[in-house]
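First chain written, first letter: the chains are A, B, C and D, and each begins at residue 1.
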Amino acid sequence: MNALEIKKLVKHFDGVYAVDNLSLAIEKGKIAAVIGPNGSGKTTLINLISGIVPIDSGVVIINGVGARAIKPYNVPAYGITRTFQEVRLFNQMTVIDNILVVLTERNVFGALFEKHSAHHLKRVEEVLIKVGLWEKRSALAQSLSYGQRKLLEIGRALAMDSEVFLLDEPFAGLFPEMLKIMVAAVKDLRASGKTVVLIEHNMDLIRELADHVVVLDSGKLLAEGKSEEVLSRPEVMEAYLGE
Amino acid sequence: MEYLIHLAILFTVYAMLGVSLNLVVGYTGLLSLTHAAFYGIGSYTTAILLTQSGVDFFPSVVLGIILTLIASFLIGLVLSKFRDDYYALGSFGFNAIAFAVFLNWQNLTRGPLGIPGISKPELFGIDFSNNFNFLMLVLAFLGLVYLASRFIVNSSFGRVLKSIREDEEAIQVFGYNTLYFKLAVFMIGAGMAAIAGSFFASYITFIDPSGFTLMESVFILVIIILGGLANLRGSVLGALFLILLPEILRFVGFPSSVAAQMRQLVYGLILILLMLYRPQGLLGEYKI
Amino acid sequence: MTKNSKIVLGIIVLVIVIWGGYTMLRQKAGAPTAPATTEPIKIGLVAPMTGEGASYGEAAFGGAMLAVKEINDAGGINGRKVELIVEDDRCSSAGANAINKLVNVDKVTAIVGPVCSSSAGPGVPIAQSAGTPVILIGASAPDLTKVGDYIFRNYPSDALQGKFAADFVYNTLGKRKTAVIFVKNDWGQGIRNVFIERYKQLGGEIVYDEGVLQDATDLRTQITKAKAANPEVLYFPVYPQNGVAGLKQIKQLGLTATVVGGDAFIEESILKLPEAEGVLIMEGKTNNPDDFQAKVKQVSNKSINIITPYAYDAVKIFAKVIEKVGTDQKAIRDELARTVYRYSIAVPVVEFDANGDLKVAEVAVKVIQGGKTVEYIR
Amino acid sequence: MDILPQLIVNIIIAGAIYALVALGFNLIYGATKFFNLAHGVIAAVGGYAVFYFAKTLGWNVYLAVIIGVLLAGIAGYGLDKFVYLPLRKRKASNMVLLVASLGAFTAIQAVIAILFTSQFKTLSYSVGTQRIFEIFDGVITQTQLIILMSVALITAGLILLLYKTRFGKAVRAMSDDEEVAKIVGINTNRIIGRIFFIGSAIAGLAGILVGFDTGIEPTMGLGLLLKGVIASIIGGVGNIYGGVMGAFLLGFVENFGIWKISGEWKDAIAFALLIVFLLFRPKGIMNK
């Protein structure tokens, strides 16, 4: 079964096609890597699926439910969570609040009168321990190092317990120690039956992690398939390395 | 002593305005310069009802809040489309329009002539035309406003507000329809400003449009920036400082004709120096 | 929750402390303290020293200062010097702060001002309830003197000026079609209301009637509209900043109707304006002689306008009354109510009616000629 | 009598004055991307400088005008050097800069009032001899023609400066992307300093010409500023042509508005126009 499917997706900015008639299907419980040179439409693809950027035409089908217009605030209802390429945390809030905030009521009155159940706090603790930031829980997010910020962001996504995770370059710029935590987190997701779509440049990591690889170039689908098979095709390597 | 009580009442009114505006500016990051409009709607509602119909003070406060909620709902709906400095300008515009309505809707507001002879409340046999009793009443309301604000900022709702301030798009993809949150806090702040307005009108007994100009909104903003953004105690402190400062300057004895301009100069310099050296304000927790 | 309860506790403590302190102090305040007779007599001046109306505050300051200087140079009142305490009201409800401070902290014997009705509105009830006599010097909204028996005014109320202007335009000039452009504040609106009511009552026709904002300097479109209505007279009670711009624009746009202004036009920037030549001014017969202005200039080199002589007079009137009855405020009030003061500059005679307004206030028609106002002669 | 021709001339005159303010404002916004509220009071600096040198000291008027323009430019440059530059170095947000400029506005206005009193003054008492021109049943004075010509000349001059000189190229590079400009070796702070000088000098000229046309007072800056900002935004902020277009559009809407409604609503009309633009075309007429 497909966790995520897109059909004939189109997006253009001022006449330039960022995503051009793209159709894809990603199987449930797998890790799919989206690769391609800079400007090939990878981030735009994630932005379209998560509603940050409106779709020009085409359909996104998530867990069998189709959507033409996605509002960002409906995205979790489809079972999707994402991270951002340039880490976007709530800087002037504490680490613990950064995660707690996504666990609470979505409804105004609900949020106003909510009392945090032990359940929420326990979840935050679990996640923070997993990404190794429990010690830092009272620090402001802006005081963290780059790597810690990336980990906090993935932690925030993990807390959501969604079906599909869209991760925009989760490993970029991480030192080995933190990289290990991040890789483990992604593998855990697969192990618990979640679907992961990640944008990545590092071929070794893709070989290690990805079950499925999607290659984009200028917004078009260049190749798609099992990772070892796709990565061995010469035209893919050429397009990719020729950037 | 009467003078001190007078200042204490004014301070309390402005502390209410500051605390309520801080919810919008400090916690949610919406640089609103339209607060004086809501303050004015509250003032005018009370003034008109008290002078022209037999309605009592407290029902007039409630009606003032209701009218302000309606106005702030509509204004907030428009403003929610804007961000940052555009938000500031748009809200400035609404204050200008509200001022024009106060000035020009003469059948209702008497325009520039103002509304004189507004009475003070009476409740449970306590006569609030005694300024001291009145002070206790406003203080009690400040306490309520303060506690309500405290409750709001410490709730999950408040946490979402802060995340909107930090990165609205990011919190959206976690499933929050931020429009509702922004509207809700904007209306809550406006409603609190209306309470302050009702008390002001009743205490001062005379209001005219000149009390609700753009510069009044700027003054309230200065209160919260000085006291500290996203810090409720800071707003109270800011109001205390800015209400007392000109009064203290009355005692310092500058050459009289220059003193008042000096005060403006001091306000200006305070803003510049704060921005240069402490942009979050005295007690602030958040930098704009 | 602990934080919240701390705050509640804090508020309660604060309330108790203030309440306690208040009751103690109030008891003390009751004890009479006989002032040493050499202590200066304090007179407060409330005027806009900042903001849009600041030039009026400066003008009032000059007049009051001159009066104080003259009194003190002559040895004071019964040997006691006069001290002027100036408070800024920004022409706003800060007038309440100003008067409160004067009454309760400085414990002034009497108050001169405010100049603006928007300040006097919230301010004078405080003076009334404290029993401090007030002479308003520019705040001309008719209702103000009705606040109480301690409130006097040596400046003609708006009602007078507007009514007189209507009579003058209809009867003396014999004009039946008038356009009105007024400044949208308490003063302009007040005069305009009275004018239009009286003029229509007489049988005249108002062909155009619009307000301009207090800071407006582009009146072209209003004047264009007024011109299109073909008036015989333009009644133009606006402030100097509107007036300077407006009078220029009236000339430029070729509106030839007779222009009748209000007493706010008696200010240097208007009088020296070539375009103001021939403009008629309705003024509550204010004298502001050149030698008087020259004396004021020695004390304060700031704005001088119509308010200056009223501020001067008000201080002098208080001085005379205090000289006679001492500093007891009730006695001052009673004496004010029956005094007839003939030495004033602004008006020939100051005598208050039951409201505390001028009993006889003549309105004069003047015309601007060669940078000065001269009597209007038909 | 048909008032339409005169109305159109009125629109052009009002538009030209707004355009003068908007030109400098836009130039500065283009380079710095923040709303410099102190821009309005700089206009007053120019006007008062001319008043001082020409009226008080009795110097030649043309000389005084040149000094006034230069002084306004220097004032703007100084503001940048001592307030905005340190803030930029600290990576302060636009809001901080906005609030700091509000402080500068208040402080400078107070200084002018202390030095020159608050009385309304006109720079030319001799306008009686001023020539009046007729264009299709509408009249326009010499000063107003000069204002109009200044707008044309300055617009042309700025276009030349921005598109034909190396300096202009650097400015445009910086407007597009300050970081990139820095990388390619443009000293952005020096350029911004010069931009402040030029923009403020234009503002000074605006203040001077308004002083000749109507008059000056310390509080004149706010009105000029607000109209200039509105003109810039509806025209396309940061865009030189846009500011001019916006200014004339604002003049048009305002004057038609008060023709059809009433002069009391003038400011409200201007701000309503602003809000409509912010809602439906936030980037203005000229910007995409």
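What we mean here is this: a contact is a pair of C-beta atoms (placed from the backbone, for glycine too) under 8 Å apart; a residue touches a chain by one contact, two chains touch by 3 or more.
Being a predicted model, the structure only gives us computed values, none of them experimental.
J.: Work out which chains are contact partners of both subunit A and subunit C.
T.: Output, common partners of subunit A and subunit C: B.
J.: Greatest Cα-centroid separation from subunit D: which chain?
T.: Centre of mass proxy via C-alpha means gives A as farthest from subunit D.
J.: Quick check: more C-beta contact pairs in A-B or C-D?
T.: Answer by contact count: C-D.
J.: Taking the mean of the C-alpha atoms as each chain's centre, how many Å separate subunit A from subunit D?
T.: That pair's centroid distance is 48 Å.
J.: Give, as an integer number of Å, the spacing between the C-alpha centres of subunit B and subunit A.
T.: That gives a centre separation of 42 Å.
J.: Rounded to a whole Å, what is the gap between the Cα centroids of subunit C and subunit D?
T.: So the centre of subunit C lies 35 Å away from the centre of subunit D.
J.: List the centre-to-centre spacing of subunit B and subunit D in whole Å, with centres computed as mean CA coordinates.
T.: Once rounded, the distance between the two centres reads 31 Å.
J.: Could you say which residues in subunit A touch two or more other chains, in rising order?
T.: If we look for residues of subunit A contacting two or more partner chains, we find none.
J.: Out of subunit C, which residues touch more than one other chain, so two or more?
T.: 50, 54, 57-58, 184, 211, 302
J.: Of all residues in subunit B, which are in touch with two or more distinct other chains?
T.: Residues 103-104, 261, 263-264, 287.
J.: For each chain, which other chains does it touch, given as pairs?
T.: Here the touching chain pairs work out to A-B, B-C, B-D, C-D.
J.: Looking at the complex, which residues from subunit D come into contact with subunit B?
T.: Within the complex, subunit D touches subunit B at residues 34-35, 83, 86-87, 92-100, 102-111, 113-114, 226, 229, 233, 262, 264-265, 267-268, 270-272, 274-275, 278-279, 282.
J.: Considering the complex alone, what residue numbers of subunit C touch subunit B?
T.: Residues 3-4, 7-8, 11, 14-15, 18-19, 22, 25-26, 29, 49-50, 54, 57-58, 61, 84-88, 90-93, 96-97, 100-101, 103-105, 117-118, 121-122, 125-126, 130, 141, 143, 184-186, 188-190, 211, 300, 302.
J.: Using the touch definition from the top, list the residues of subunit B that touch subunit D in their complex.
T.: Checking each residue of subunit B against subunit D gives 31, 78, 81-82, 84-86, 88-90, 92-94, 96-97, 99-101, 103-104, 218, 221, 225, 258, 261-265, 267-272, 274-276, 279, 287-288.
J.: Report the residues of subunit B in contact with subunit A in the complex, numbered from low to high.
T.: Residues of subunit B touching subunit A: 152, 155-157, 159-160, 162-163, 165-167, 169-178, 180-181, 184, 285-287.
J.: Any idea which subunit C residues touch subunit D in the complex?
T.: Residues 50-52, 54-55, 57-58, 181, 184, 210-213, 215-222, 224-225, 227-228, 230, 239-241, 244-245, 248, 251-254, 267-269, 272-275, 277, 302-303.
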